[in-house]
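This report concerns only the one structure given below.
Labels run A, B, C, D and E following the written order; every chain starts at residue 1.
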Amino acid sequence: MLSVDRLCAGYAGGIVLHEVSLRVRPGSIQAVVGRNGAGKSTLVHTIAGLVRAASGRIEIGGVQVAGRQPHRIAQSGVGLVPQGRRVFSRLTVAEHLHLAAAPWRARTSGGEGWTVDRTLELLPRLAVRLRHRGCELSGGEQQMLAIARALLGQPRVLLLDEPCEGLSPDLAARVRELVNGLAADGLTVLLVEQQLQHAIEIADRVAVLEYGRVVYDRPTAEARLDPAPLAAMLSVAAAVPPPPADQPAPRLWADTP
Amino acid sequence: MRDRVVRWARGAVAALVLAGLVVAPWVVDDYTTALLARTLALALVGVSVALLTGVAGVPTLGQTAPYAAGAYACAVLGSRISDVGVVQLAVAAGAGAVLAALTVPLVVHARGVIVLMITLAIGELVVTVLGRWRSVTGGTDGLAGIPAVRPFWGLPAFGSDQARYLYALVVVATLVGAVLVLLRTRAGLLLRAARDDETRLRASGHRVPLYLSGAHIAAGAIAGAAGSLLVVAQQYISPADFGFDTSALLLLGVVIGGTASVGGALVGAALVIAVRDWLFGVLPGHAPLVLGVLFVATVYLLPAGVDRVRGRWRPSGPPHRPDAPAAPDQATVAELRR
Amino acid sequence: MMTVAAGTNRIDPYLIPALDGVAYGLLVFVAASGLVFCFGVANILNLAHGMLYAIGGYTAAALLDGGWASLALALAVGVLAAAAAGVLLAGLLTPVATGNHLSQALLTFGVALAGGSLLVAGFGPDDPRVRVPAALEGSVVLAGHRYAAYRLVFIVVAAVLAATLYLVLRRTRAGMLVRAAVDDAEMVACLGVSPARIRAGVLAAAGALAGAAGVLGAPIIGPGTDTADTVLLLSLVVVVLGGLGSMAGTLLAALAIGEIQTLGVALLPSAAPFLLFAAMAAVLAVRARGLASSWRAA
Amino acid sequence: MTCLLSAEEVTVRYGSLAALDGVDLCVHDGQRHALIGPNGAGKTTLLNVIAGATKPQRGTVRFAGRNVSRLGPAARARRGINRIHQRPAVFPTLTATENVVVAALPRVTADPGWWPGRRRRAARHRAGALLEQLGLADLATVPAGHLAHGQRRQLEIAMALAGRPRLLLLDEPAAGLSAVEVGRLVEVLQALPRAVAVLLVEHRLDLVYALSDAVSVLRDGQTLAAGTPDEIRTSPLVRQAYADGVA
Amino acid sequence: GDDGPGSSASGSIKIGLLASLSGTYQAVGTEIRDGFQLYLDTHDGKLGGRQVDLVVADEGNGAQTAVPAATKLLKQDRVSALTGIVGGGSVAGVTPLLSETKVPLVGSNGRPELKDVSRVWHTSYLSDEPGAAIAQHVRDNVKGSVYAIGPDYQGGWDELRGFTDAFAKIGGKLANADGKTTFTPFPATTNFTPFFARIKASGAAAVYTFYAGGAAVDFVKQYAQSEIKDIPLYAAGFLTEGGVLNAQGDAARGIYSVLNYSPDLDNAENRAFVAAWKGKHDGSPTTYALASYDAAAVLDRAIGAAGSDPTPEAINTAIGKLGQIASPRGTWQFSTTTHSPVQKWYLRQVRQDGRALSNTVVGDLATVGR
């Protein structure tokens, strides 16, 4: 459904993505993990058309879309939950939902379409904030709104760039559940996620980006059986060390040149 | 690598321009020299506009106000008290700074288009006052017959276009050099930070209004000094020299020069003013048309130059409820996209 | 001439200026409406607004012959011509579309300069004559004072315009798209709507509004070498004073400017040259300080 | 024991919505205090009130024994309240180093001397050390606007530290950070001098329990519970509240 | 071998013409250029027997563009004489250049107050002369006080002062509340109704005014729709001169104005002038075109009289010795003190003339000039 082939992309400062290739089958979830600055968001933005591809192919449903304008790509069924929410600050929640809703766009794969009511049922916090503007929402509420906005576009391919950032743990779990369900309905999902265990939990495949290159791309079943290589690659072990004993005052606080 | 090439190239161009400016009076005719002298004065105002608009992020259409204050102070001084250039320069800069200081309470809290309109109003008010305070300013017809200036006590008064031009060049070079040095210090860094994100700067403990007031007054002094150069170059001033056209062209010149770059502003403002003055001479009746087409073309030819504008010029932000100061958390997303 | 109200005999020199302030303010609102939409709402700084208005004005001067049919024709042609110019402008604006006001100012100022001189070249430097239908040419008597009939037209036009603009912006999908594009055009694109199309639409609509205003306003702020500048300045003042995009605020600002220019001048003639700009600077500065937070709610 | 920071009866209303409704909070010197709660509970709002970015309708904020309710954010920062924002706020056209230098400037105390640029050099020195600590040394000359999301978050943490806080307000510092960077963050926070108090808002409870020695739970603008991490971890009330935040 | 600025051995001479060819005063500037050109066209392109190389530059909206353009004419093109210049402020700005380059200016329109007129000549008038010329007529014909109103800039002050001073001297009374002329912000005023309300309240029996260009159109149109439309309106002639009359349409009917020229004056020079003008342009010539035409005539005679080497200095001296000049406006001569015309003024009224409205001469007024 979504395939990326030898994709190179970057900014005026230089190339960030080097020959990235991924293949996401319809109804499956591809997780992408990697250190900060590895190029995950750049990949998502390039697929969505917000960053220009320098070379390589991006195919959606067999159609090459690299180089097309973002709105054309969106029209071909790509929905985006961007990093940092990017909700419209002057529009109310209700207006966001009204604007994003595209009920006329028939869903190609099974499952009923998304309606405003259904999204509000999923994210009830939004229902009580309908008249608030985007800039007045809390961080988590903005994240919810960004997810709702993407869903209402009835996407065939969903690009999620850290969709659970800032969501409370149980809500994050529910969103992951939802994504899982969507994929089961036939939606193609590209999920960028920082917490490896959460990525493995729902994804069918997991890829690791390092300095803009895919250095690992396996089915998650494999990763679950033997998580060591993957964890090593991401240095997960270092994540949360136990609280240490008293520390000497570090040099940080010395003020001498 | 590329950076170094660019920097080197920029340095080379600057050196060439400077060399060209120094030898100019001996290679071009009187008209061009006179035009250049006048242009230098306006380019110096352009520098003050860039200091506010580009560096500090407070776009202004009102730098003609301190410019006019400087020019009239210098003209009155010149015809009644002293014809010594450095004295006039100092008094003019002081007058510009005082006027700027008086208007600080009006501008220091405003941002974006709002400042633009406030400064526009200040400029227009000053022009109106100049037009009506006839006993001092000569009214709308202006002040003519300002005696020639001597640069320093004991030196002869300027008698030629060359001399006037070289004096202007020395003054402009000195002041621009001072500005460039200033911008390399803490002051420049803090102003740029204020332009980028004022709320963040406050959250770090900085007194932003103080910095902006300082920048405003400094820019006023520079514009005032430029006013005295105009008097030297032209020996005549009238409110028309300080009208809205002048402010608008200066701002556009600064935009062409790249807003945040002082050298660029100098060149941009000088180009715009020189081209306009030159067009009115060579293409009578078609100057606005050609000038307009040139502006449009500039946007296409110099995308890098004109696109360097940032900071407060991003959309003026979501309309926050007045009782809730914009929580920095909830600022617009635009600034993240570069 | 008809008598609308029986006049009192007491001469009240401030009555007519006050009424005129309302009519003039509304005219200013109508003239500014294109810019209200384009700059206030869609955040595209269009310094060619005055030129779009002048297109309408010159159309009116060329087509009006004193009959009602010609008024309709002029309105149609003026709106179309100015809207077309707006679309052209939108095309030119593509490289500086991303909310960069100073570059937009550079470009649109250039267009205004060039377009203005082309208009003058085409229609001549003299102010052309504008003939409105005879029924509107005369004056009516209000409360014992004679008053230009045509100005009363603007009370209706402005009310309709303000209401329409408000409804379009708040209630329609198009209005929401425009406001959304101001916040984040890329995300609007990710919803499947082309920001370039939105921009073209905005400028076409702004052009149409300015063209209509130019035709209707021609008898009062007639076409001429200075029209574009006058209209642009007044419109900018109104839009910024009105709080950039708030329809109620803009209407209020327009009325305030109308009153300042009429009643204010009548009351304080010696301060007349300073009134407009002094009032503007004061209001904006006070508002920037947040001292008058309630002002906006009004 | 007296509080370094105390917020009393803080109430912030937005129209009919009470983002904070009579919240009390006390952070002791050197305490690592966590603030958790469902989305929209009012955590960020409380941080804004403490930092001076939002004026509460009611309530006072005391810091180091003084009432700072009337001070603006800049004055509070100079007294030692530094923060990071939920959405990373950096100066996009300034390089990473310059960002930290700017943040450090108000609180550098160079030895007295007339030599120009002394303060800036001291600040620059500290900026280098901080960037190194947070693993941003390679990005020192990159404009902050060109950084990835997570890198910006780290940069802002460096900026907050550069201000030499007595109280550090962290709004979801780990959100969007990769595992390695979270590890580094934990290291940095643990390396803070004991005297520095931290008020930490975070949804990752593993971090909260690892880093904090007191936890307050907010919900719907009210304090639901407060206690040690262990008490909170086992409180059924808190569990239910966090779950209810969803429903 | 330098044969002096502007002239060459081949017998040609360079003249600089500076006029507003763009901007607010474009209409006037164009008339000035066309008037001068008309004289050249009807005189084989020669002045004083020398082929003229006319260098035109654009004055723009005022001094800030006029000064550089004049600098070009004087310092780069090195013209032997300068003519034109619409704005008084522009003239003031150009005068330092004149003293520096020693080139004479034969101006054809605006004229500020100048300390030194040794190189400045004007074929137009001094701004206070129209008012002075019509004061007696107003005094004789208006039964009651007169309201004086005008634009708030130097030109307006001078025009109105000319009238009010002369009017007061012969015992006239102003209706203005404080006895002083009302000045309207210029160019900001587009709406005159608040002023009309004051006029109405003052109980004036007539109004005297001066406006030009767009303001004149607005003033006249709004006047005709206002509550004071029946109060007689007297004005300096510019109120209804040239293109503005067309724009004003019927609103201008009946307005009295004072000017030094009208196309229907009956003399041989004028008949030739008007015929030549109509052969090239639509409509009748204005006083602006006439003044510029006369400036060419002055230069024609002065260059002829300046001898074999017409240096700017020589031309300047020759102008001072011209004496009587026959012109379409009637014969006039330069005043020795002000260097502007001593000439006759006419009373005109806007009347129907065939299908169009025109300024018809209804009487002679005083001869004015110092």
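Everything below uses one rule, namely that contacts are C-beta pairs under 8 Å (C-beta built on N, C-alpha and C of every residue); 3 or more make two chains touch, one makes a residue touch a chain.
Keep in mind it's a predicted model, so treat the numbers as computed, not measured.
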Residual chain groupings, excluding subunit E and keeping positions: one piece
Chain hops separating subunit E from subunit A, counting only touching neighbours: 2
Pair sharing more residue contacts (C-beta pairs) when A-C is set against B-C: B-C
Inter-chain centre distance, subunit A versus subunit D - centres from mean C-alpha coordinates, in Å: 26
Distance from the mean Cα position of subunit D to that of subunit C, given in whole angstrom: 48
Between subunit C and subunit E, centroid-to-centroid distance (C-alpha), Å: 35
Residues of subunit A engaged with two or more neighbouring chains: 84-86, 89-90, 134, 136-137, 139
Residue numbers of subunit B (touch at least two other chains): 128, 132, 286, 288, 318-319, 321, 323, 329-333, 336
Residues of subunit E engaged with two or more neighbouring chains: 22-23, 26, 152, 185
Subunit C-facing residues of subunit A, complex: 48-50, 69-71, 74-75, 78-80, 82, 86, 88-91, 95, 98-100, 102, 134, 149, 153
Residues on subunit A engaged by subunit D in the complex (per definition of touch): 11, 13, 33-38, 41, 83-85, 124-125, 129, 136-141, 143-144, 162, 165-172, 174, 194-196, 234-236, 238-244, 246-247, 249-253, 255, 257
Sites on subunit D touched by subunit B in the complex: 14, 44-45, 48, 51, 53-55, 72-78, 82-83, 85-87, 89-94, 98-99, 101-103, 105-107, 116-117, 119-120, 143, 145-146, 159, 163, 171
Subunit A-facing residues of subunit C, complex: 173, 176-177, 179-180, 182-184, 186-195
Interfacial residue positions of subunit E with respect to subunit C in the complex: 22-24, 26-27, 30, 152, 182, 184-185, 187-191, 193-198, 200-201, 213-214, 217-218, 221-222, 225-227, 229, 242-244, 246-249
